[in-house]
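Each remark here refers to the structure printed beneath this line.
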Amino acid sequence: MIQQISPIPTGMIETQTIEVSIGPQHPSTHGVFRMDAVLDGETVVGLKPVMGYLHRNHEQLAERMTWLASIPYTDRLDYFNSMTNNWALCLSVEKLAGIKVPERAEYIRVIVSELTRILNHSCVIGFMLQDLGAWGTPLLYAFREREKILDLFESLSGARMMCNYMRFGGVRVDMTDAMVAQAKDIVAKFPRFLDEFEQLLSNNEVLLARCQKVGILPKELAINASISGPMARASGVDYDIRKVDKYGVYGRFDFRVPLGEVGDVYDRYYIRVLEMRESIKILNQALRDLPAGAFVAPEVKLRNFKIPPGDGYGRVEAPKGELGFYLVSDEGGKMPYRYHCRPPSFINLTTLEDMCLGHKVADVVIILGSVDIVLGEVDR
Amino acid sequence: METIYQLIAGWFAGKPEWLPLAIAIAVPILFIVGVYPAIFAYTTLVERKALGRVQNRYGPNRVGRWGILQPLADGLKLLTKEDIVPRDADKFTHFLAPVIAVIPSVLLFAIVPIAPGLVPVNLNIGILFAFAISTASVLALFMGGWASRNKFSLLGAMRAVAQVVSYEVPMVLAAVAVVMAAGSLSTLDIVKAQTRGGLEIAGWFVFQPWGFVGFVLFAIGAMAESARTPFDIPEAESEIIAGYHTEYSGFKFALFQLGEYLAAIAMAGITVTMFLGGYLGPGIHIPYIGGFIAAFWFFLKLGCMILLNIWIRGTWPRVRVDQLMGFAWKVLLPMSILNIAVVGLWHFMGNKVLAWGVTAAILGLAFVILAKISAAGNIEKRTYRYAN
Amino acid sequence: MDYAFWTISGITVLGALLAVTLRNLVHCVLSLILFFLGIAAHYFLLRADFIGAVQILIYIGAVAVLILFAIMLTRNVTGEAGPQEVVGVKWWIGSLCAALTAGLISFAVRADSVAETLSPGPKATVAVADIGKGFVGNWIVPFEAMAVLLTAALIGAVVIALEEVRNRR
Amino acid sequence: MGFLGKGLFQGMAVTARNFVGTYFDRGTREKLVTYQYPEEKPPLPENSRSFPFLVYDGTPDAMRCVACKICETECPPQCIYIVMDRDEKGKPQQRPKVFDIDISVCMQCQICVEVCPFEAIKMDNDYEKSQYGRFDDLIEHLPDLLKSNEYYNEIKPTEAKAVDAKLKAEAEKKAKKGTSKPAAAAPAKPAAPAPAPKPATAPAGKITIPEDAPFTAEQRAWLAGFLSAGGVATSGTGVSPVAVAETTGETPVPLPEATPAAEAPAGGWPWHDPGLGMSQRMDLVKAAPLADKLMAAMAQTDCHACGYDCRGYADAIAAGSETDLSLCLPGEAETAKKLEELMKEAGKL
Amino acid sequence: MTIPLGHYLILAGIIFAIGLAGALTRKNAIIVLIAIELMFNAAILNLIAFWHYKQFAALTGQMFAIFAISIAAAESAIGLALVIAIYRHYKSVDVDDIKSLKG
């Protein structure tokens, strides 16, 4: 039975609790995801998330294929940010095999990942507003901006969402000057869109009333449940892997990490807006001093690429949190012996029940929206 | 109806006595049944195109030149859709709910004046009749939700009834203010009371402070009554799928939509009549075509109200159920009661300009205080620090 | 114009009968609503527009919804109440004395010649303004008494509910 | 914070600006972003990729692909199925007879293009390939895949120019070295003679389709195609290609009895397995004669890139008739270095 | 309109009788309340009928009708509150079960 807090003593009217399952076929669960909620009237007294509807056996498949062949599959993990997924796998393999990545490739990787971050944050806010009932207007503004970034990705890597762009030791296609100009143009226009977005949303009384003090995630719980990404920073946990590991060339850029104090849905929304502004800063610096040179390490072979036996864990600050890959290679070397992926959405979802108890059904939907999960990554 | 009767009585001198009466009744009925559903059809089209344009896209443009035939296509589609009734639904009530949803919305049009003297039924209890009828729509929501025997639609029905009942009170009180100023319940007299010294526009109630507050209260009430954003809780997709009309499909669903939209248009019509001076506008006194100009003004204002409704629908998110109730009882009700007191004050103050100032001050003060009390609770400015 | 009277009173009586005899509670309330509509139509026929509108507003708008809510709260929310037996044990006694009263009333009416001959009043309906003046004119006392009564009823209903909460805790 | 409704009205100002903006956005796609799809198609950037296609220079039979099956093994979802073309005597030609790509399985990841040593397979950008049938319609056979080099230059100009330049340079290097190839490469083919792989023991066993399974002929054909194409790594008993050929309705291809290379000795070649690493293979042939050692150094794909099969190439080097040690393309530098080492050891170089 | 007053009185009588029958025979408390509503409406119908046939001399008929309607509404509100309170106590709305006078 679902663990229930004691039904709120209404005293006046004695209603019995109804067990309702929200999803998997539900308009606002961001994919195939079910929540078994026990409702006492409108308030939620028990909630059990049920996942696994989109499990595609990615980790077992990777053990049967060469290292290179796993890269296109990482696009399908968090299908919203394929670039950061690729980078996470490449980072882990490079750490395991000791491959040195040329300067230009590092800069291109930063540019492409920061573009993915602003793409993801703006669309997440759009989806959350959709759950709030804003008939898709903010979502379509976010999608209008996302289209420009996806056009850049298509001219760069060949596909809009499934980029399969990074290789061990660098990137697959060099960024021509035309593409750099296109990126500069996007980054120049983005702050204007952000101001328009904030004017539409940030002090909209209905949004404030609906989001403040809803789905509060206390700081200790965030740390204990190993929450990562904007959700943790909204609760005040100062933990951004770009600052902690300084992987790639992030050490060279100066940018700040915004932190909230209350950790409710509004904080998570506003933290994402501030993070987009920081990403714009990083993009400007990266695009300004993008060096020339090789875009991929020449010594890395495409076919029968082998890795000496050993294991390693590489992680990246994906837009949704800390995305890490734990890889073990045996003496055969051509195929990973063990391939494990640490998805941020899955772990951020574990605290959903603690945030939702005591709230109304309408709040459960927004809290899920603010957690920002993509089922491809949750179920792998 | 009476004016048409006098007009026609002359031509049918010879015929049996009841014929002109029958025609005099038939004309307004045909008008209501013909014009307003057409307005409903094209409201849906305008709504989808306007929402599209707000979201930087076109909106339906495949059926007919600019999507003109889209309502026809929707209607046909819904007509041909299979009509599914849940197995253990309460057949009779399930069938009756959409019918009862449409009847009050159509009846509401009976008291909406189109041109001087041209109102389908000139009841001297016009506004009261309108409110009496609009309470009946509550029953349709309830029966729809209760009869389809599924948890979500039951939740939707409970929410809908609670919302409509609790927004009924401030709306009626806002109308009471207008009735006090106009001195009569009949819609024709209300419109006449808004012409002051021949100037057709200056007299509108909306330009008085209490009139403006009444207008805002009535508009909010009308939106809540017809479950339009930001109060579309009953059919909030993201929470409970489609509220009370989840289990309806095919033409019954179309009837529910017809009922809802017609209620929204009727409420917009009543708002126009009470606050924006119904058919008043420059040029209605020209001898022959005055009537047509008046009708034009009425439909123009009606269009503006509907567009305002659509504009709001494209922008604002949805309010939660308990906030909705709190807003109705804690903010709207006190404001409407104060509004009635202010109209009384206005009535007895001789010098109108001074009265205008005093009433504006009182209402402004009240609004600020209420805003502070109700909003202070949960909306506070947030500051964000950056890591080192 | 006579058939208007007969049809409406036919509907009214049908509504009343169904409201009392149906098994399913919700259907009872629906027929009660039909009955209220019939009565309101009668008021319009009798040129009492204001009372007709008030009747619709109060009875259909409020009382019917109130009864529906009462039905909802006194049975489990989702399930349909089991079919208890509908009629009390000695139902025939009740209906017998009802029939007796009906006979008595109709006999009395028929006997009194005055009732028969009174002819209907003029066409004009009374203006609402006069009712308003009446309220604050010579009916001021019952008006205030009504105000007191309604507030008392309001407070009473709330007390009954709250009192339940106080001794519950 | 301003009065209660300020935020709400700011929001409405934004939507109004967008509403009006769409009417004055003359094609700048800033405010009005819709492409009316069937009428106006969005322009595709040059790198955009949809499904692979095979390039041929001049006439369709002068295709660059030599059916070396590297792309088939490297393809992550295993959606390519190649059968080597053989002349009547069974001698492998350097051309694929059957080259199927199942575009319902292909995830357009372009790995086949990267690993192809002969620039034979490139990514198209034609995305309108939806069909009604679910089985055979979505499998693109050789004739559908073949497209001319001009078409390739037309859709991807810069990339095509670079590829043509590289091929021309290789051809000149080949012509300058003038090493004749024992296998008479067809003159029209400028590219280096491609290896004609004999489908070696299938890297992964195939599931057999029992006779009594309730499939119609058409479904059985599709299943066989799917199963043999999909390298389902199960150890099951291998369905010899002949049986597969039968079920796919082609004329049964006789097993090449008289292959130039010597038949495997009774004990078989334990090292002849592409899955093993170079070091493992070398351990197996530590005590073996030079020819076996040479053969173990090969990439074991029998891809005929060197003009022989692995055994033949090793015998040719051992016999001294073949001096170029870098012909084993799948083996790349690793095999070439090992071959030189072995030859130095044996004192022949 | 040639309907004499008598017809209205008989109509009111019939409705009153139906209400009385309902109140006496039905077991469910809510139906009893509905029956009481019927009786109220019968009485108010009489009031209006008499007012109409007295050539609108004075407004007493209408006034009393309004007062009667509001009393009826208040009464039904209290009645339903009672029914709910009893239901919560006895867990049933069956008129026969509610016998014991203990609170």
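Letters A, B, C, D and E mark the chains as written, and numbering starts fresh at 1 in each.
To be clear about the criterion, contacts are C-beta pairs under 8 Å (C-beta built on N, C-alpha and C of every residue); 3 or more make two chains touch, one makes a residue touch a chain.
For clarity, every value in this text was computed on a predicted model and none was experimentally measured.
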item	value
Selected interface, B-C versus A-D, where C-beta contact pairs are more numerous	A-D
Closest chain to the centre of mass proxy, which here is the mean CA position	A
Inter-chain centre distance, chain C versus chain E - centres from mean C-alpha coordinates, in Å	5
Inter-chain centre distance, chain D versus chain E - centres from mean C-alpha coordinates, in Å	89
Separation of chain C from chain D, taking each centre as the mean of its C-alpha atoms, in whole Å	85
Distance from chain E to chain A - Cα centre to Cα centre, in angstrom	65
Contacts with two or more other chains, residues of chain B listed in rising order	54-57, 151, 314-316, 375, 379
Residue numbers of chain D (touch at least two other chains)	1, 4, 8, 11, 14-15, 18, 33
Chain A residues counted as touching two or more neighbouring chains	13, 18, 137, 141, 144, 200, 204-208
Residues of chain D that touch chain B when the two form their complex	1, 3-4, 8, 11-12, 14-16, 18-19, 21-23, 31-34, 36
Residue numbers on chain A that touch chain B, as the complex places them	18, 20, 26-28, 42, 129-137, 140-141, 144, 200, 204-210, 212-213, 238, 240, 243, 256-262, 266-267, 270-271, 274, 360-363, 365
Complex interface listing, chain E residues touching chain C	1-28, 30-31, 33-35, 37-38, 41, 44-45, 48-49, 51-56, 59, 62-63, 65-67, 69-78, 80-85, 87-88, 93-96
Interface residues, chain B side, partner chain A - complex	51, 54-57, 151-152, 155, 229-230, 232, 236-241, 313-323, 375, 378-380, 382, 384-388
Residue ranges of chain C in contact with chain B within the complex	24, 26-27, 30, 33, 49-50, 53-54, 56-57, 60-62, 64-65, 68-69, 77-78, 125, 127-129
